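Okay, here's the structure, questions in a sec.
Naming follows writing order (A, B and C), and every chain is counted from residue 1.
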Amino acid sequence: MSALAQQIVLGILIGGLYGLAAAGLSLVFGVLKVLNVAHGELIMLGGYAAFWAVALLGMDPFGSLVLVVPLSLLTGVVLYGALFGFVVRANEETREKNSLLIGFGLALVLHALAVRLWTADERSIVTPYGGAVITVAGLSVPVVRLLSLVIAFAVIGGLQLLLTHWRWGKAIRATAEDWQAALLTGIDVRRAYLLAFAMGTGLAGTAGVLVSVGYSVSPSIGLEWTLKALIVVVLAGLGSMIGTFVGGILLGVAEALSAAAFGGPYREVVGLVIFVVVLCARPRGLFGR
Amino acid sequence: MTPLANRRELAWGAGILLSLAALALLPLATRRDDVLNFVFLILLSITLAESWNMLAGYVGQVNLGHAAFFGLGALVARTLWSLGTPIFLAMLAGAAAAAVFALPIGAAAFRLRGAYFAVGTLALGEILRTTVANVLPEISTLPTADIGTYRLSHRYYLALALASLSVVMAGLLGASRAGLGMRAIREDEDAAEASGVGALWLKLFALVLSTGLAGLAGGLFAFYHISYYPSHAFSPTWTFDALLMTFIGGVGTVHGPVLGAVVYVTLKEYLAVRWVDFHLVIFGGIFITIVLLLPGGLVQAGARVRRLFHRS
Amino acid sequence: MQALEASYGDVRVLSAVTLSVAAGEIVALVGGNGAGKSTLLKSIAGLLPPRAGAIRWEGEDLARVGAHQIVERGLAMVPEGRRLFAGMTVQEHLDLGAFTPRARAVRPASLERVHALFPFLHERRRHVVRSLSGGQQQMVAIGRALMSNPRLLMLDEPSLGIAPRLVRTILTALAEINRAGVAVLLVEQNVQAALTLAHRAYVLESGRITAEGPSAALLSDAHVRRAYLGPLATRA
């Protein structure tokens, strides 16, 4: 029984990162109506940025957030300006398809570059406190992963606050609801798009740092995390960051339960199956409007 | 929307078939295995790209799980063949398995809008790959007797036949009334439905053709390789390759996927020696450029250059 | 003197339409379904680019100006069907209404004005607009537009789908808004109500202006009466 509980704890710990990963994707999809399938690759890049910040600059991995988050935001601005900014000019259907294809091309390029630059090997960040574990009620909770969960939650909370109290946060939400009405309200919708995309990339970079510090990073985690984020977005629907976070945790727990029931290799499959089922049954998600 | 049966496309189609016929003489002209292997890969890629194009180019649905059908075809064909079934029948069974598997998926998935359909099929492909990798982790190898009698030329001619078949199928489909209806769906599904096009049936029809052809290609793959990991045939790389080739060549045309396949495989083989996977950086970049600037692919680029010359 | 002058030509919907709104006026644009009234308003607001012609406002041609910048210039539109942000609250709508720098400068005063006009907006400020009735939503939409501190308020079919009692409330509010110094351009299918409220009006039929003048004159015009006001008239 406690083996199962242990698995569930670990599932919750990674579930928070799933939620964070999904939040970025959800923001971009909700506002720009663009499904960026390169989102996982952006997470991967964030992970490598943290890894190299630690390896080359000697930074503490959590401290590297100070460097990686601004870098990610900047990357988002560049990607929007160079790529996605062009697709948002089309009508919704063309926009969806073209952005899907562009995201796909971007993912391929980023993945191949990562393989070329850093090889396909898995990298882990090693820290002096890396092995520390807290024991609670007979269950061991790795400190690094717990800290990651807390940070993820704080970031999501901060994001929620930004969206409700920041002038541009409200503008972003308005644009997501009805971009023409937003224009009529005096909101520069293109700038809202840019901000949302940059924030989405920033969230991806943050998630990447937390992934590489608590787990590992390699070029192939891109597709994996894109799928995780997609699963959670479809589960939780758009419109609530907290809901997305909870959805991530649910996915983590579901994976833990399925690993316990069917064995380790099928951990991945259960999430995908849930995804397909929910997609067909309720494309708007469980929490979504 | 220019009808497919215009003279330029027919000319291209004829030219391709003639080239394929000429390629039939290749094994007589050379004994070099690497040349035959290279052309084999091109022929397999042509089949794969044409199959993907049937859903994406004609109906307009982006199927990111195409590898699932390729893999299924390979799996069924390999299994039956190793049990003694003649390879032709085994491959047909593989194609049938893929098409039959596709039907319920299509019935459920075609209710989804574009992006959801794409990621849904992506997920499905991954489900299959992971499951096969867990259920059949051991490498699949031909028995020694068969290795002894392995004839590359047989595989080569089969690939040639399959590539020709895919080109002919694509051409016939494009010129048919069904093809016209599919194109109407691609342009505007609601309008097409309103004018009585029967969207779901046409989409399923295209899906069956697309996945059946992919299944045949998978069977060919299973026939060709002496040993391989069964889950490798389900790898999303096959889908991505088909996507890249089709778009770069020119989605929605008959000759586009052929052109794309030739360019893609050639450049990939050329780069593979020194820069593994770097071809993806180049092709990814070309792909993005095409999506943004030249949606018709290289085929359209050719037409534009032609127009430039005609004007001057 | 602020004045809006729009001469507009779009082969498909409108042809050679010229209208003007002077400061302090209420001008109505009436006509049947599909006459092109909405199209004209949307192009003034910047949502549709005009094929030909000019939209002159305070000496500037707005034809090429982006929609969000037009709000900054002092023109606000209340679109057809309200077009609210369904998941957001009444207060959030009013806050967003004062998005432009020009509006932010006088936000507290604007908010007071809006609350005085529509007290319910203050009472229900925490309510998500999805839960409001059509008429209440219309008040939110007008409030949102007013928060941008406009000098010209444009409304596209404000009475559509709204209970008659609330229509009266809204029209009274519009008169008061106008008295406070905001010019109003009103597109309406409810010709009686529109002509009662407005100082001047234009009649748009099949993309052309077929009549214009003081609303009192139009109310007694034979053709207008027959087409839009008589017992056999078709009114949406």
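Assume contacts are C-beta pairs under 8 Å (C-beta built on N, C-alpha and C of every residue); 3 or more make two chains touch, one makes a residue touch a chain.
The structure displayed is predicted, hence computed values, not measured ones.
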Chain pair with the greatest number of C-beta contact pairs:
A-B
When the mean CA coordinate of each chain is compared with the mean CA coordinate of the whole protein, which chain is closest?
A
Cα centroid separation between subunit A and subunit B, in whole Å?
32
Roughly how far is subunit A from subunit C, centre to centre by C-alpha average, rounded to an integer in Å?
43
Averaging only over C-alpha atoms, locate the centres of subunit B and subunit C and give their separation in whole Å.
55
List, in ascending order, every residue of subunit A touching at least 2 other chains.
none
Residues of subunit B touching 2+ other chains?
none
Please output the residues of subunit A touching subunit C within their complex, sorted ascending.
167, 170-171, 173-174, 177-178, 180-189, 239, 289
In the complex with subunit A, residue positions of subunit B that touch it:
60, 62, 64, 108-109, 111-116, 118-120, 122-124, 126-127, 130-131, 133-134, 236, 240, 243-244, 247, 275-281, 283-285, 287-288, 291-292
In the complex formed with subunit A, which residues of subunit C make contact?
45-47, 66-68, 71-72, 76-77, 79, 83-88, 92, 95-97, 99-100, 103, 144-145, 148
What part of subunit A is in contact with subunit B in the complex they form?
35, 37, 83, 86-87, 93, 96-98, 100-102, 104-106, 108-109, 111-113, 115-116, 223, 227, 230-231, 265-266, 268-269, 272-273, 275-276, 279-280, 283
